[in-house]
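The structure under discussion appears below in the form of structure tokens.
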Amino acid sequence: MSENKIVVLAYSGGLDTSCILVWLKQRGFEVVTYMANVGQDEDFEAAEKKAMMLGAKKFVCLDVRREFVEEFIWPGVQANAVYEDRYLMGTSFARPCIARGMVKVCKEEGAGYIAHGATGKGNDQIRFELSCYALYPQVKVIAPWRMPEFYEKFRGRQDLFEFAKENNIPLPVTPKSPWSMDANLMHISFESGILEDPKAEAPKDLYLMTTDPKDAPEQPLRLEIDFKHGVPVKVKNLEDGTVVTSALELYLYLNKVGGSHGIGRIDIVENRFIGMKSRGIYETPGGTILFQAHMDIEVFTMDRELRKIKQSLSSKFSDMVYRGFWDSPECEFVRHCIDKSQECVEGTVTLALYKGGIYILGRESPLSLYNEELVSMDVQGNYDPIDAGGFIKVNALRLQEYHRLRKKMGAEQNGKLGTGDQ
Amino acid sequence: MSENKIVVLAYSGGLDTSCILVWLKQRGFEVVTYMANVGQDEDFEAAEKKAMMLGAKKFVCLDVRREFVEEFIWPGVQANAVYEDRYLMGTSFARPCIARGMVKVCKEEGAGYIAHGATGKGNDQIRFELSCYALYPQVKVIAPWRMPEFYEKFRGRQDLFEFAKENNIPLPVTPKSPWSMDANLMHISFESGILEDPKAEAPKDLYLMTTDPKDAPEQPLRLEIDFKHGVPVKVKNLEDGTVVTSALELYLYLNKVGGSHGIGRIDIVENRFIGMKSRGIYETPGGTILFQAHMDIEVFTMDRELRKIKQSLSSKFSDMVYRGFWDSPECEFVRHCIDKSQECVEGTVTLALYKGGIYILGRESPLSLYNEELVSMDVQGNYDPIDAGGFIKVNALRLQEYHRLRKKMGAEQNGKLGTGDQ
Amino acid sequence: MSENKIVVLAYSGGLDTSCILVWLKQRGFEVVTYMANVGQDEDFEAAEKKAMMLGAKKFVCLDVRREFVEEFIWPGVQANAVYEDRYLMGTSFARPCIARGMVKVCKEEGAGYIAHGATGKGNDQIRFELSCYALYPQVKVIAPWRMPEFYEKFRGRQDLFEFAKENNIPLPVTPKSPWSMDANLMHISFESGILEDPKAEAPKDLYLMTTDPKDAPEQPLRLEIDFKHGVPVKVKNLEDGTVVTSALELYLYLNKVGGSHGIGRIDIVENRFIGMKSRGIYETPGGTILFQAHMDIEVFTMDRELRKIKQSLSSKFSDMVYRGFWDSPECEFVRHCIDKSQECVEGTVTLALYKGGIYILGRESPLSLYNEELVSMDVQGNYDPIDAGGFIKVNALRLQEYHRLRKKMGAEQNGKLGTGDQ
Amino acid sequence: MSENKIVVLAYSGGLDTSCILVWLKQRGFEVVTYMANVGQDEDFEAAEKKAMMLGAKKFVCLDVRREFVEEFIWPGVQANAVYEDRYLMGTSFARPCIARGMVKVCKEEGAGYIAHGATGKGNDQIRFELSCYALYPQVKVIAPWRMPEFYEKFRGRQDLFEFAKENNIPLPVTPKSPWSMDANLMHISFESGILEDPKAEAPKDLYLMTTDPKDAPEQPLRLEIDFKHGVPVKVKNLEDGTVVTSALELYLYLNKVGGSHGIGRIDIVENRFIGMKSRGIYETPGGTILFQAHMDIEVFTMDRELRKIKQSLSSKFSDMVYRGFWDSPECEFVRHCIDKSQECVEGTVTLALYKGGIYILGRESPLSLYNEELVSMDVQGNYDPIDAGGFIKVNALRLQEYHRLRKKMGAEQNGKLGTGDQ
């Protein structure tokens, strides 16, 4: 089947992928342009028009926003997924979702090839391609930015402009920002260009999803978030009484209120899968709120030791997601296990948003293992304090033995057997 | 030696330990009262006077603040130590430091016993006693709140008051707050009493080390923090040029500026070692700043895979610290390893404090593995993008095999061998 | 309910628990004696007669052998459970199975107490009691060997003899062996007595389940073992054609042939939960064969990365089992996850038993991820060797950067910038 | 420097690398042939003669056997390194040792290239190249078996024969065995050819280092092995009194006696780094003995919790070694930590070798944490059995809470609040 020359191109509507579209056609490919609506701010109709004008065989746009939230972000919330302790992976979660749609289009269109405009130094090429290879093992990948015949031809932006002019590709009307950007409903990421200097502060006008904390409202916003099975099922704004419940709407609402209160900005250096360190700026308003709220309700309801195991799985899960292994056997397994762990993660968290900060105020749950009577300093509860003495002494046994031996060794080494100063 | 009846009592100057002092004397013990200055706000002289007045054999106060910072908090900073993802363990780090001094006093005074006023449901009894048993294996522990003869006598605060009156123990002049509290230079913790209801919001006037973010300055404060070997060696206030360099002063300075900007408040439920969930409120201004700053410089300078291993050690370290195993063989080992990992963690982090939030603005280091040229989208650097294709394909191999097998199985199960729709 | 004085005693029929039976009666308890048949070599009728003669209220014996194999040993086989790299935990798996029966008897008999004859230094007291407390939270435990009033009365074997004589308890007819022993169908363990000297070789006549390898048959025995879902479903003796399929029979058959070939003896020092090191000798013939065979088929059929995660869960599982946490939330969770991982662990392993050794000879599976064509040195398969070059270079990137930096640092430290000897 | 055309070729003296030598010369390279003596059975002089005859610029042979044992195998022994639970990694440990010598030769000869004859599907190409890239970041690698211009020319053995005849390369005098093989003093590995069928039993005449257990001596051989800092320092044959002490001699002696007793054969399927499963047969006589003996003395002398951490590091170390990351920052770190953990791993293990099996008989150590008095069932030691009760009850607390909640939930779900059947 891959003998035909139909290729599905991940199309953005921008200059790069428009040039790639034409370049592929020049190489004899029929090009199906594919866009996934993952919540980015985009004029899909304009993109379609442009693609067809440039000779695309077809333009397919899939609205995968609900799928993105429910099947990709929700598992991430359950996992408390975070890469290298800080990055909530808005791009990483979107890639396998986009790739899944792409493979679907490939099969519908009988395409044996996929193409994309990701660079050869980044993570996205990996995430895209691993998912495509997994879901469609025979696929052939065309990644022009990794092909000398392409990148040697297009050494700079100027070369793209000239190719565009020669081939009637419309030039961008707005100047390119001095950094690159990736947006979806979970986050916007910024990197490259002037951000490559890790000590240079990011410009104030870079941010798009979040208000500068300095300009955020002077009054905290109080929210109540209800969880079931580790997933948010209801958000209530305690100031104005707004309630949202369905997954996509809920997520977008948290983005809105989180963004307006300046929540979820980070400036980090991270380690790409490819082995290099890179600097990124991220805005993840809704995701940051859910990360904190879910953690709170999880610790409240889940057994301590179970959670320790779940967290070790989560940390592996985060690595897999970052590296593009969503469609791997190990990631399927870990998602199953983490989902299982969430059976009792249920309840309500109250929190406040204020000038970039999230403040947990309280929590309650019908399934909590928290036992107010047991922990109380005023009531004895079903607990016999005398037991703690035995508990401590048995825990101390190993330590006493160890220090006795060390002492003996120290004494012997100094030729002072049995100095017995204790 | 433990045949004598000398006991070293961890004395706070408060009502509980004053009653215990007298109670021990009534049981025939000679009582050496011991206080450790770990930076809490305390009138040590008044405490001494009170202890001697109540018949203490001796009063010993050790100023261990520098030791606390350099030998306990610094390893915690190197480790990015955090319990259950949120708690920076201000109390946990202080306990083994206090216990070390206590054992020292025991040996100097020839005491065979220690006593303390910690409750039988908490972590502190464990932390105290494990360190004492480790450093002084023959020691005998008297924990009155675990002894029926004591806690059955003192069933409520009223019983303590009466005992105090009978024995000329001065009564507290200020009313007890409706929660309990533990303070040192690293943090103040609040728990019990009205805080035992996990959904009740903490009262605004509870906090002591931090300003309410709402009342914090309208202008962000910018700081530069220099690290060497994973430990802060200099803090510079970029607004007023203040510079502090020595460990204790630096830590106290971060507390001051962090506190005034509302940094480091959390409200959590945590899992005690004893097996119950409890709710705690913590203020850790300086520690929270260092946690963020250290993480940033560490990711910037440390190899990715090394850091992954270091983090898995840190997570074990945090558990040990929380549970009181500071003086265990495993904790000694892990401290050694983490310290080793910090050899190249060196450089400067710039950050801003604003209304409860910490914002990393940039970082630089002479030892960073960050390579601006390598990561640049504009320069090829010493990197051949074509290699990424091979990298991805080899990583995909396992995934392709897995999905091929699954497909085959699925097909066979449906009796549709080789339907080959792909 | 626990106000009544009915106690269920884990009864062995031996001297210790017979004395405990009488001692409990003397304290006003009605004693229900309980035995679990976990495959030990025991005269249950004689035990019943003895118990009733000594005044037991009732004697209950549950045959839990099939349950033991299917619900306890099988999860262990799936997990490749092993404690401290060597011990297959025959006793650890039996305890929660026995305890489950005990709780059942408690509920049927309306008993509020359980009692057992385990010592205060061992693991078994913990395993028993944790399972009982979990499954029957209100239960009260009577462990005479931890009660001063009991162990101070019975300081040596002679004291037991005298108590027995006074109370018409029949004395053992055979002399006690100079070690203690625990037997069930999974293994026999030996410890204490002359075995407490860790350098003294175990006597040859100690072993009961296994022939001395020196006396084992001169001809290897070849077996084929079929697995499904990670569990053995068929064993075929390739020498004589014997086939066994049901769980209990299969396990006993492996014990028989394994035992006759001297399989499964180990002499180890292990770390008890209580914190001390102890020396144990174990015979686990069937379990050792299954451990090796399951590992072989698992690696053959399971994805590499999935298995790495599964093994990290298994290592936690083994610790839980050893420490008696079978009936904990974390152990339930981990059992679920491990079971899930075994979905494709299916196929046949051929092996030989010979003079104490197990030799894997080959394996096959309908679900293996092994791809003979892909791995072949003679065929290219669906693999492009050129990709490996890119794979290696991308993996090397991080290493090159690290060594470049180190070199630079070394050079700079020596004031020899750019000596460039490479 | 890499502008010159000097290449260091890892030369084996066999047909493949002889053809590569000539092929490289035909491409204008000056070829320095390099052999490392890692203990393989090889006629180094004949190889030298052949290389020079074929036009090598130079022949360099480094005897790295002692270095191999002391700097590569010993860290492996300390770690109890094992890949996927079974493979002791004889080849994996040798590769970075060989590569280190190769880089040394490169620098001495001013060579900018290395070449080797490893295939494109195996692990060895990775191990070689990662170490070379790490130690010599600018090096260029020529791997003919990954280059289409080479492997398309030499599609089968016949093509090599013809090229050899054309170029006066001597043809092998003995027929090629129907599998491939890699030998060094640590092990011999066999794979490919007829072994690629995972269910086909390996032929009896394949093995070279070990006697068939069936033909091994009828009498067990007893050995005493002394360890210091986790490394063997003395072996004593208890049958004939032979004593060996220096590292290399000791290792070779264990190979000899282990081999003659049939120790160390395994037949496994393993997961290559490249992502495919492959079948390998290994003989590792000395390594297998040391693995068992070291584990025994380590558990005997090391604290339980420390060892658990050390084992988790070891499992990471084993993966790194297998995958060729010896010269990575993470592997350096882990080696340092593991070495640190071995400070007290000291003592003597007595064991017997018999017909393929290793039987630990006893152990002693001046530094053991084993305390015979403490563990004794006959003596109370410094241990109060009553403490165990408190220890268990506190450990049970969490389990009781969990089961209480679950019961409540179950009851509520069934609308039967407080059915109270317990």
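For reference, chains read A, B, C and D in written order, and residue numbers begin at 1 within each chain.
Note that in this section contacts are C-beta pairs under 8 Å (C-beta built on N, C-alpha and C of every residue); 3 or more make two chains touch, one makes a residue touch a chain.
Composition by chain, UniProt nomenclature: A, B, C, D = Argininosuccinate synthase.
What you see is a predicted model, and the numbers here were worked out from it, not measured in a lab.
Chemist: Tell me which chain's centre, taken as the mean of its C-alpha atoms, is farthest from chain C.
Modeler: Following the centroid criterion, the farthest chain would be A.
Chemist: If you average the CA atoms of chain B and of chain C, how far apart do the two points sit, in angstrom?
Modeler: Distance between chain centres, rounded to whole Å: 38 Å.
Chemist: Could you put a whole-Å number on the gap between the CA centroids of chain A and chain C?
Modeler: 41
Chemist: Please list all residues of chain B that touch 2 or more other chains.
Modeler: Residues 274-276, 303-305, 308, 325, 328-329, 369, 371, 374, 383, 386, 388-389, 391, 393-395, 397-398, 400-402 of chain B touch two or more partner chains.
Chemist: Name the shape of the chain contact graph, picking from line, ring, star, complete and other.
Modeler: Complete.
Chemist: Across the complex, what residues on chain C touch chain A?
Modeler: Interface residues on the chain C side: 274-276, 303, 305-306, 308-310, 312-313, 316, 325, 328-330, 333-334, 336-337, 340-341, 394-395, 397-398, 401.
Chemist: If we count contacts the way the header does, which residues on chain D are in touch with chain C in the complex?
Modeler: Residues 1, 80, 84-86, 107, 119-121, 125-126, 129-130, 133-138, 141, 143, 145-148, 151, 156, 180, 192-193, 196-202, 213-214, 218, 220, 265-272, 274-279, 295-296, 299-300, 304, 307-308, 311, 319, 325, 327-329, 350, 354-357, 359-364, 368-372, 374-378, 383, 385-386, 388-389, 391-393, 395-396, 398-400, 402-404, 421-422.
Chemist: Help me check something: in the complex, which residues belonging to chain B touch chain C?
Modeler: By the definition above, chain B touches chain C via 303-305, 367, 369, 371, 374, 382-384, 386-391, 393-395, 397-398, 400-402, 405, 409.
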